[in-house]
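Look at the two complexes coming up: chain A is in both, with chain B in one and chain C in the other.
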Partner chain A sequence: MGVRVGLPSLFALLLGPVALAQSGNMNLPATVTAGSAFSIPTSGSGSGVLYIVGPDQVIRRSVQLGTAVELSASDLSDAGHYVAALAANGTVDSGQFDVLPAAKAENLNFIAVPSRVPVGQHNGINGTAYVFDTYRNLITTPMPVSFALSGISGAPQSRTAITRNGVAWTSIDSASKQGAAKFVAQAGDATTTRIIQEVPGDPCGLTISARPDGKRISVETAPVRDCSGNPIPDGTIVTITETYKGSLSTVDVPLKKDIAQVDMPAYNGATISVASGVVAGNEIHWNGGH
Partner chain B sequence: MSKGILLSLVIFGATAALIVIGTISPVPAAVYYAGGRSLGHTPSTPQSAVDNLVSQIRRHDLQAAYDSLGNRAEFTEPEFVRDLMGSALSLRTFATLDTFDVQPLHETADDAEMMLKITWSSVVGPFESRRDLHLVRNGDRWAVNWPIEKTPQVPPQVIPVNYLRWDVIYRGPGDDFGTQDVEAPHVRIVDMHPVNRAEGTVVMGELLDDDVVPAFVSVRATLLTKSGAIIASESSFDMISHTLLPKQVTPFLIDFPNVDLSQVGSIRMEPVSVLVSASADPVVEILNQQYNSGPGASLTGQLSNQSGQTVNIAHVLSTFYDKDGQVVWVAGQYVDRALLPQTPVDFHVSVPADLAKKISSERTIVSTYSAESAS
Partner chain C sequence: MRRFALLSCALAVAFPVLADQPSVQVESPDLHGSRQLEAQTQAAVVRDYLESWQSLAAAFEQNQASLLNADFAGVARDKLGAAIKSQARLGIHTRYQDLSHKLQFVFYSPEGISIELLDTVEYDEQIFDGDKPVATQHVSTRYLVMFSPAEQRWMIRLFQADPAS
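Then we have the complex of A and B:
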């Protein structure tokens, strides 16, 4: 039985002044699934015009009263609240119905942040999935969405979350080894994959050594790694500082093949230290290499 | 003969006579405006010799300036021009002589020492150069011996450059909502300190690129009253190194002219970062940094370009700390000379006199611009 709500003002504007006589009636369904065919039976005699007004479309059909109006699967695909009006013989019969999303998930919009995350971060990776049907209607009925994160090492991590108003989300720890991790969200048969770059953390145990190089000192770091043993990426800046009798020499050196190397002035009694970002390393006192 | 014809002949004769006189013995101003070489008189004093030289430099008559030098046999004219006007698209090559000051240091009958201080105008503000000039008298004429600073010649060689370069591919315009994009670099403010100065409030601190990719950074500060109303909002303009490599730290300084710190209830800091294509080259070593807290407090040192690529413009930024490690001041200086490979160039960063005694340590970085890598 259709929900019948009189909307005389709306259709009076549309059709002009009419008398609300019951010469043409229709029987609307309360709900319709998006993308499904359905019919609207009418009663009365003669001909009329059926208008269906929805969120994103308007349908106009000529109607032979007393027969059913057939709407095909492709006619109503956008979920939302619709208004129908049957105008015949100077009268209007109007009502409302809802088009609901299909129950089957066909598309997932999956937002995974951050796209780069340091290793070993508790709940460091967040995934949010929006579940849509085949017509891109957000499916608002609760349904399970599974999230799985698999990297180049360690066991895959998985979580399941139930959608609320069409959205499900979760947080997952980043792995301890750097590399590209595959983050997959799945609802029904719909699957979407994102790639998360798990990158090394801050340098750990930063150390330098020095050796004479002609009139200068060649200062070199040991291979720079984070606390999980991942090599720090090339191009990362390591600052090497030499202090001698109140005079300072500094150089920001980018790592190359895990190592930063630079030549500094050779002063006996100089102190040379190393740092990267907010991490300080060791300090050496130069005595001519002896 | 009518009076009119007579008058015409007189005027014609007088004009011809003046032309002859002007040609044979022109006044100096006429020589100058006709493109001649000298406006000044014969330099009969050390002061007038320096004045003449600066006058020639000001109107870019560098050949005349070179010809007037007493020691021009020691170097060529191109070397003199490079020394004076800079080279390799450095700031000096774009600068114009604004003002100058000459101070006598010592003078005898036959020679003199004078200090020449020239102020140059450039797009990043004025900068000064100082030269101690030795002058010698030759007859009734004084000439400047130009103290040329010859650029050391680096032996021809191949310097392999295999540092990293980062390029960025962003999400395409046709990609749907929810499609993954490359994320902005993670940066964080590791230190922030507001101070009250006579000219207003200054907010300074340090910003770290905490990511594994390079970042183009800026910092915006908003001053709020105790009730939360906005007083003013400014960003670090050039008092920051805008391109940061992974784990690199830059100081920043934001000026709020005419705002007293007592009006400020809180400060909202907004670091901004954008992914940017960048290169880990060139590496610039900062040598022999010496902090002098006495009168005219300053940090001096040298920049040495370790790579094979010429750095056209270098900007030195120094962070000064007190004994507790708190940021006391941030200052900078554009270096007007290009950084040629392995050729040290001096820098000089001034520090406000009232803060000089508080400073216990400093940290200096250099941001660079190379025309080659920009193309």
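Then we have the complex of A and C:
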């Protein structure tokens, strides 16, 4: 910006050539790239103190007026707005300038959610990438970020989004097969990978069969799978309910090797039904096994 | 603690300037993201953001980085804390007085854990060497601020002047 105030030139002219030689002025750049060396030329004679102050970094340096103040690449690495003041011989020349992020993406802060997702979910996985330079400055100039999701089956899905205010995001469908999927975000040479566990969805076509077993009925599910054919994990609860003459008996059974099995009282005329979570299966009307 | 006469609004609204209070204007969101930003969330973020300026001002004036802890986290806390440490080492301190904020929400992440806003801000920055005032500048710039939710409030995770974009 190079905003300037407090130039002591009027006093310098009034006080004559000696004072003019001693007052200090500086020539600030409007912008500097983070991590770049630059110089601030000064005028005048004698010594002074240069202050460069912003919420991100602070520098105080003794300077020889009439020479350029050299700032090395490591002196100002935090993007931000800075006030500079050159104090010398009772006068102050001050101004402002900006330090801009470096152009090269070095780090991607990549948030992928959820970490576990059912298979076959449309836009079920969200990825948000924040692009930083090597000094942890958010790069706010637009740049493409590519997102790719690859799992154990199907073709990888990819998207490209352009950052806006340093951020790019996308939504991607989960695959049809369960397993670990790699979700990769890339901007320039910076790459970050997240692992998404794609898990079976809700049971699909939940079915029971029953057979007599002495004075009881043995009720058993067919292998329980989701609508894409992925087996539902062991331990998933299947609820089997028997209704007979207004009384209800319910048993929660964990799946074991894709199947849930339980013995129920054998009542002729009973109705036996099955459900898992919000998914209901078939009903059986028990008639003594006939 | 100063109290702010703020609250969020659907359209640009200017808040009155009272003594020692910055004026605050919240513009309609220009969101880049799939998630809706509820008015209550906007109001909470604006409230927390304005309070964070008070923390920042106190921390830089007193050279006490711990005053940032309630409002800043991550990169923002690291960088501001390092600047305060430098100030203390060099024997200087800085007085920040925010005068006006023009705020616009620009991003709410799909999973709801990140909010970004732009603040076209005016403030006075006064530099002291020891107890001696060195220079005062009236600053007009824009900040890009990123928040994430914490237990009690929205914490600032990135606080970066962004005049170029």
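We adopt the following convention: the second predicted complex is superposed on the first by the 267 of 290 C-alpha atoms of A that agree within 3 Å, B and C clash if a C-alpha of one lies under 4 Å from a C-alpha of the other, contacts with A are read in each partner's own complex, and residues count from 1 in each chain.
Definition applied: a residue touches a chain if its C-beta (ideal position, glycine included) is under 8 Å from a C-beta of that chain, and two chains touch if they have at least 3 such contacts.
Given the structure is predicted, the values throughout are model-derived calculations rather than measurements.
**Q** Looking at A:D189, would you say it contacts chain B, chain C, both, or neither? Reply first, second, both or neither.
**A** neither
**Q** Going by the contact rule set out at the top, does A:L138 touch chain B (first), chain C (second), both, or neither?
**A** In the superposition, A:L138 touches chain C alone.
**Q** A:V113 contacts which: chain B (first), chain C (second), both, neither?
**A** A:V113 contacts both chain B and chain C.
**Q** Looking at the overlay, does A:G235 come into contact with chain B only (first), chain C only (second), both, or neither?
**A** first
**Q** Would you sort A:S276 into first (chain B), second (chain C), both or neither based on which partner it touches?
**A** So A:S276 only meets chain B here.
**Q** In the overlay, answer first, second, both or neither for which of chain B and chain C A:G246 touches.
**A** After superposition on chain A, A:G246 lies in contact with chain B alone.
**Q** For chain A, give the residues common to its interface with chain B and its interface with chain C.
**A** 111, 113, 130
**Q** In their shared complex, at which residues does chain B touch chain A?
**A** Chain B residues touching chain A: 162-164, 166, 176-178, 180-183, 186, 190, 208-214, 245-249, 280, 283-291, 301, 306, 362-365.
**Q** Inside the complex, what are the residues of chain A that reach chain C?
**A** 1, 3, 5-6, 31, 49, 51, 53-60, 78-81, 83, 85, 87, 92, 94-96, 98, 100-101, 111, 113, 126, 128, 130, 136-138, 140-141, 164-167, 169, 171
**Q** Considering only the defined contacts, which chain A positions touch chain B in the complex?
**A** 109-116, 130, 194-195, 199-200, 202-203, 233-238, 246-254, 256, 262, 264-265, 276-278
**Q** Quick one: in the complex, what on chain C touches chain A?
**A** Listed in rising order, the residues of chain C that touch chain A are 32-34, 56, 60, 75, 78-80, 82-83, 86-87, 90-92, 94, 96, 106-107, 109-111, 113-114, 116, 118, 125, 127, 129, 134-137, 139, 141, 144, 146, 158-165.
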